[in-house]
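This is the structure I have questions about; it appears just below.
The letters A, B, C and D name the chains in turn, as written, and every chain counts its residues from 1.
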Amino acid sequence: MSPITLAKANAIIEAAFAKAKEADLKPLSVVVLDAGGHVIAFQKQDGSSMLRFEIASGKAYGALAVGMGSRKLELLAKERPHFMEGLSGVSGGKVVPVPGGVLVRSGGQIIGAVGITGDTSDNDELAAIAGIVAAGFEADGG
Amino acid sequence: MSPITLAKANAIIEAAFAKAKEADLKPLSVVVLDAGGHVIAFQKQDGSSMLRFEIASGKAYGALAVGMGSRKLELLAKERPHFMEGLSGVSGGKVVPVPGGVLVRSGGQIIGAVGITGDTSDNDELAAIAGIVAAGFEADGG
Amino acid sequence: MSPITLAKANAIIEAAFAKAKEADLKPLSVVVLDAGGHVIAFQKQDGSSMLRFEIASGKAYGALAVGMGSRKLELLAKERPHFMEGLSGVSGGKVVPVPGGVLVRSGGQIIGAVGITGDTSDNDELAAIAGIVAAGFEADGG
Amino acid sequence: MSPITLAKANAIIEAAFAKAKEADLKPLSVVVLDAGGHVIAFQKQDGSSMLRFEIASGKAYGALAVGMGSRKLELLAKERPHFMEGLSGVSGGKVVPVPGGVLVRSGGQIIGAVGITGDTSDNDELAAIAGIVAAGFEADGG
């Protein structure tokens, strides 16, 4: 599998911002992680609040942690809160289980994840999917 | 935007204590954080319990983290406890999501936050708002 | 033993700032901890850098940790770096072993500590001693 | 003081990459932090190793922590390793004290920091300075 290049990561972020503008969303923060959960690129729009890098990363990291979009993680958190507590613990507190963390797939394989925060979780997820698809990958929100 | 000076931070604390005296509140602890979540000033009144610095800071830090007063954070914590758990994790355990963490705005812009603990959360918040307003800023409790 | 009241803690900080002004020091940050290592009061002068609360607290906390001013902690750190590494570990990374952390004694008993940072470590310590003495306590720099 | 906008942060990163290309440097990772140490933007060039976000951030965070470029932090680390260990502890392990963390100033005031890693520390610093200056700010490497 080919990793996500920096050019592709930047394309994802740009397309997510374009979607946000079109849908008149609040300022967004977008992170792109590689398959190992490490940051390739991040951008935070003006007017965002303080901890947006950490929240965006927590959504994307959580998606990679269990191989499902963070929308499914939220369901899991509601049904089995003790599992989520354990996952939070073993990850070193790196998981934010709400929609907006979307897996990036290529030919079905997971090659990374995008995490977005700033508007409602549903809108964050929409922007993430738009960004991933615009860059030519498959988006898996959960 | 101008940062909160030490003189202004001290003025906020003094005015919060004055409000507490007038309303006959229990001993309060008051912290003033800058827009990046770093401490400018803190005072703990005699008779307060041990971890009041950490609790006051947790309210103010939480408000800054997501750009809303900690009263809204408490609602969020009730509706989506898994989100709050995630936020706690990615912040390194720095968030206390109950009322009493109030954003300090100047011309609408966030320039810091005040966190108060010691009495009921509602009274803590009242004292925070009184302190911020007395110092000439806008208070945003959530 | 009587604890350090908030009024006394504020008096220590004021006197330390007065000493700093007289000696033309850089902007200082001053913390006063109680005998249990918990914050009573803190003030950071305008123009200070970001992590000054943590550094000031680390000096004072270290002094309390081993019952000697942080000047002695620095000697210890030079002679037995493995001890300081262990102390850092068991304290949860709360110790900064350089001068400027001074024990506050009353009748010989430790009742708290003052930590100062902003100028040279030697000047930080001078200001801490001046503040403690002005408030009527005994200063023990190490 | 005005904060660093996202447009300016992206301009810094672009100019740093341009400098790296001109000087034929290895793949770089560039982070731009605001004055409170929070991430505005980050990009990692293809072929970089795993923990480059953390290293770049650690250089920039260290510079902000004490208000001096990370080149001075390295000197400090050599002269007083126990101080650096303490700073690492109280910062929660967020400081990497080697050149490549450069303060961004505007009218003399600190408004953020840039951290770069990937080539030698000296070259990382050169690229950071080039990026900051190209974006119209003052660079303070230490």
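By definition in this document, contacts are C-beta pairs under 8 Å (C-beta built on N, C-alpha and C of every residue); 3 or more make two chains touch, one makes a residue touch a chain.
Since we're looking at a predicted model, the values are computed, not measured.
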Contact-graph distance - origin subunit A, target subunit C: 2
Equivalent interface to B-C, taken from B-D, A-B or A-D so that over half of the residue contact pairs match: A-D
Fitted rotation between subunit A and its twin subunit B in degrees, CA, nearest 5: 85
Separation of subunit C from subunit D, taking each centre as the mean of its C-alpha atoms, in whole Å: 30
Euclidean distance of C-alpha centroids - subunit B vs subunit D, Å: 31
Centre distance in Å when subunit A and subunit D are each reduced to the mean of their C-alpha atoms: 25
Residue numbers of subunit C (touch at least two other chains): 50-51
Chain-level touch network, classified as line, ring, star, complete or other: other
Each pair of chains that touches, named by its two labels: A-B, A-D, B-C, B-D, C-D
Complex contact set, residues of subunit B against subunit D: 1-3, 34-38, 92
In the complex with subunit B, residue positions of subunit C that touch it: 3, 5-6, 9-10, 36, 38-46, 50-51, 53
Residues of subunit C touching subunit D in the complex: 48-51, 54-55, 57-58, 62, 74, 77-78, 81, 84-85, 88, 91-98
Residues of subunit D that touch subunit C when the two form their complex: 35-37, 64-68, 80-83, 85-93, 110
